[in-house]
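Quick one: this structure, given as structure tokens, is what I'll be asking you about.
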Amino acid sequence: MKIGYPLILINFKAYSEASGKRGLQLAKVAEKVSKETGITIAVAPQLTDLAFIASQVEIPVFSQHVDDVPPGSYTGHVTLEAVKDAGAVGTMVNHSERRVRADQVDVIVKRARSLGLTTVVCTNTPEVTAAMAALGPDMVAIEPPELIGTGIPVSKAKPEVVTSSVELVKKVNPNVKVLCGAGITVGEDVAAALRLGTVGVLLASGVVKAKDWEKAILDLISPIIKK
Amino acid sequence: MKIGYPLILINFKAYSEASGKRGLQLAKVAEKVSKETGITIAVAPQLTDLAFIASQVEIPVFSQHVDDVPPGSYTGHVTLEAVKDAGAVGTMVNHSERRVRADQVDVIVKRARSLGLTTVVCTNTPEVTAAMAALGPDMVAIEPPELIGTGIPVSKAKPEVVTSSVELVKKVNPNVKVLCGAGITVGEDVAAALRLGTVGVLLASGVVKAKDWEKAILDLISPIIKK
Amino acid sequence: MKIGYPLILINFKAYSEASGKRGLQLAKVAEKVSKETGITIAVAPQLTDLAFIASQVEIPVFSQHVDDVPPGSYTGHVTLEAVKDAGAVGTMVNHSERRVRADQVDVIVKRARSLGLTTVVCTNTPEVTAAMAALGPDMVAIEPPELIGTGIPVSKAKPEVVTSSVELVKKVNPNVKVLCGAGITVGEDVAAALRLGTVGVLLASGVVKAKDWEKAILDLISPIIKK
Amino acid sequence: MKIGYPLILINFKAYSEASGKRGLQLAKVAEKVSKETGITIAVAPQLTDLAFIASQVEIPVFSQHVDDVPPGSYTGHVTLEAVKDAGAVGTMVNHSERRVRADQVDVIVKRARSLGLTTVVCTNTPEVTAAMAALGPDMVAIEPPELIGTGIPVSKAKPEVVTSSVELVKKVNPNVKVLCGAGITVGEDVAAALRLGTVGVLLASGVVKAKDWEKAILDLISPIIKK
């Protein structure tokens, strides 16, 4: 499954609204909108739902987290191989709510590449974004933690954090794509993110906690469809 | 789904032999043997396969790990609610390969009880077993880490660790059941474990890495069937 | 150096008011009051000041934290041996701001005993207090985290947490002494703590952030002197 | 106190040979050799000995580790302010035996700069070295963990790891100096390290576990004195 851009990546977090069968329903809605509009909408379900959901939808599915261990005697760990066996196309890692160490990101990025999995490394400042880009993941996702879940979009509140990140990444490793996140809720936020040089957005509550998922996703991607 | 005793709990760990669809196959084999013999055989699949497998078998399914956070903004965490939504009956926690802190076990045990989930808290010494029993989980599972994966059964190599654990738990909290694990491979090990006062065993490689899963499980439970 | 009871243990935390030379001054004030009144006042300086302060005062000095590793190739770790070499009499461990796992407390308590060091294991609920008592430390210190630093004393706000802890410890391991902490500021709080069955208190901001350290400590111990 | 180059940084780790008063003796030997030869020899004592040793020697003293928290209610943590109050000139961080997360290194580097403290960020691969350089510390120290403590010098066994690191750092952030470590024992290793483009070495057992500390340090720096 190929990942197209612009990319909308919906993180289900540990929200009860998107857990178990409700998570599958949300993934199905994302799939429907994606098929109807041609926009790539990817989902990152709860870890426990990964294979359950990835086996039932045809949009890119990401793990929310992965550990740096190979298959083996590692109870309670999530391996890249398990992510792949589950049917996911890749994984997020280092989210502000589940940070790992740089040496672990290094191992994960290298092993993911050899397994054909896509990596999205989350970051919080332009400097950390540059640092993570130096490790060569497919994407970095800059998200100022203080804006996460606020509904105040990073693309408006801190555009300079996004543009500095984009510039530093270009300098350090121009092959790495940049997403941004935190506070993304409406189409305007997505349009602003793209104008700032990103290839898409990472968001969670803006969709997951919306009363009407389909409407929320359609609103999000409206500026991209119009283009 | 009620958990019967003696209990055989098969931990799939992060073994590639039991990942994704192969994990489902192993769970199906366990289900078949359980139905044919009446012995309770439970499985703990990889986290990413939890809902996938729990939705397709009718034996007790446990999570290998759970975090102490409630549903919400917790990317990459496993909540008790997600474990329940996935269709599992309970969760292991504090395995030697994924230890958590005592205050986290306390939160998990209390919240699991209110959600109707069964908790199996792993331990390594008689003292830690007593400590975890003081937190009131449904079961503790004593596993000397140095024997895990060796094929040398704790019930033979260190029977005194098991009997001390059983005695201390009786004193501290007699409602807590005791499992033992580490090195369990054949039926004789299970019989020995029960003689030492446990209600069952926790094992992994002894089954997961066996060439013939059905034969391995049947061999394991042969002493219990005979009874 | 023998530890007498009732015990007043002052935790310097990472407060700037008690860092470096200011930490030494506070320890000297505690020493002065202790010598003049005969009450045991112990201090837990910042890790970086441990040997510096322990080498210059004659009151019991505790480490704020210790790791479960032996001497060796463990950069940035605090060993029990280093704590002893620094001249401290023992160590706190598992403070709510620096929790460790139960198996680590088990290792630390056993090794501390063989080294002749005194252990104070911090806890947050009666159940965790019972659990830690099962590991056999010299003392447990129950501190509801939500009261820490508030000035609202646990002995008044949640006396039942203290009395339940004392009762459970008696049942699980009567050799373990109980301290309480959180919100302790004045002598009245200490008196209440002793009435509830503890052998003393653990406190921090109540003394460290006081304008006049000597006055604050004297006020704290006034009910014990009167006795 | 100014740090001169080439720099020899001796990490005492948690070795019993360099704990407490023995740590002070080793620091005194390093100071003597440094004064006699003019070569900068810095020491990183055990955390518990930091103020004790820094207050008694006139060579640069580093902390082995620091946490990313400011002064305050953080029991058992090491703050940059405590490191400074202890009399140290800076801190190592992210040693392979005590890794922290990239966002924590980011916070530490920025706060250390504002406090006038020197930062040495340890790394394990060229990619991680580049990543840490992007955060702008004063120095990075590349140490392949598999060579640590072996006596097989990185400068001989894996010179390409050192040269790649030096090159990547030049590209990402040329202001950052590069040290190398792992297996460094004799003067030849130091000479090789400098030829590969580093400004010095980080070592531990090569000196700490030597029977004659003075002889070991003199041997180490012999190629630099000759120059």
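All chains are identified by letter, namely A, B, C and D, in their written order; residue positions are counted from 1 within each chain.
Basically, a residue touches a chain if its C-beta (ideal position, glycine included) is under 8 Å from a C-beta of that chain, and two chains touch if they have at least 3 such contacts.
From a predicted model like this one, the values you see are computed outputs, not experimental measurements.
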| item | value |
| --- | --- |
| Shared chain contacts [chain A and chain B, defined touch] | none |
| Identity of the chain that, by mean CA position, is farthest from chain D | B |
| Distance from chain D to chain A - Cα centre to Cα centre, in angstrom | 37 |
| Chain C-chain D separation of Cα centroids, rounded to whole Å | 33 |
| Separation of mean Cα positions, chain D and chain B [Å, integer] | 45 |
| Sites on chain B at which at least two other chains make contact | 96 |
| Footprint of chain A on chain B - complex, ascending | 11, 13-16, 19-23, 44, 46-53, 55, 63-65, 69, 71-79, 81-83, 85-88, 92, 95-98, 148-149, 204-205 |
| Touching residues (chain side chain C, partner chain B) in the complex | 94, 96, 99-103, 105-106, 123-125, 127-128, 130-136, 168, 172 |
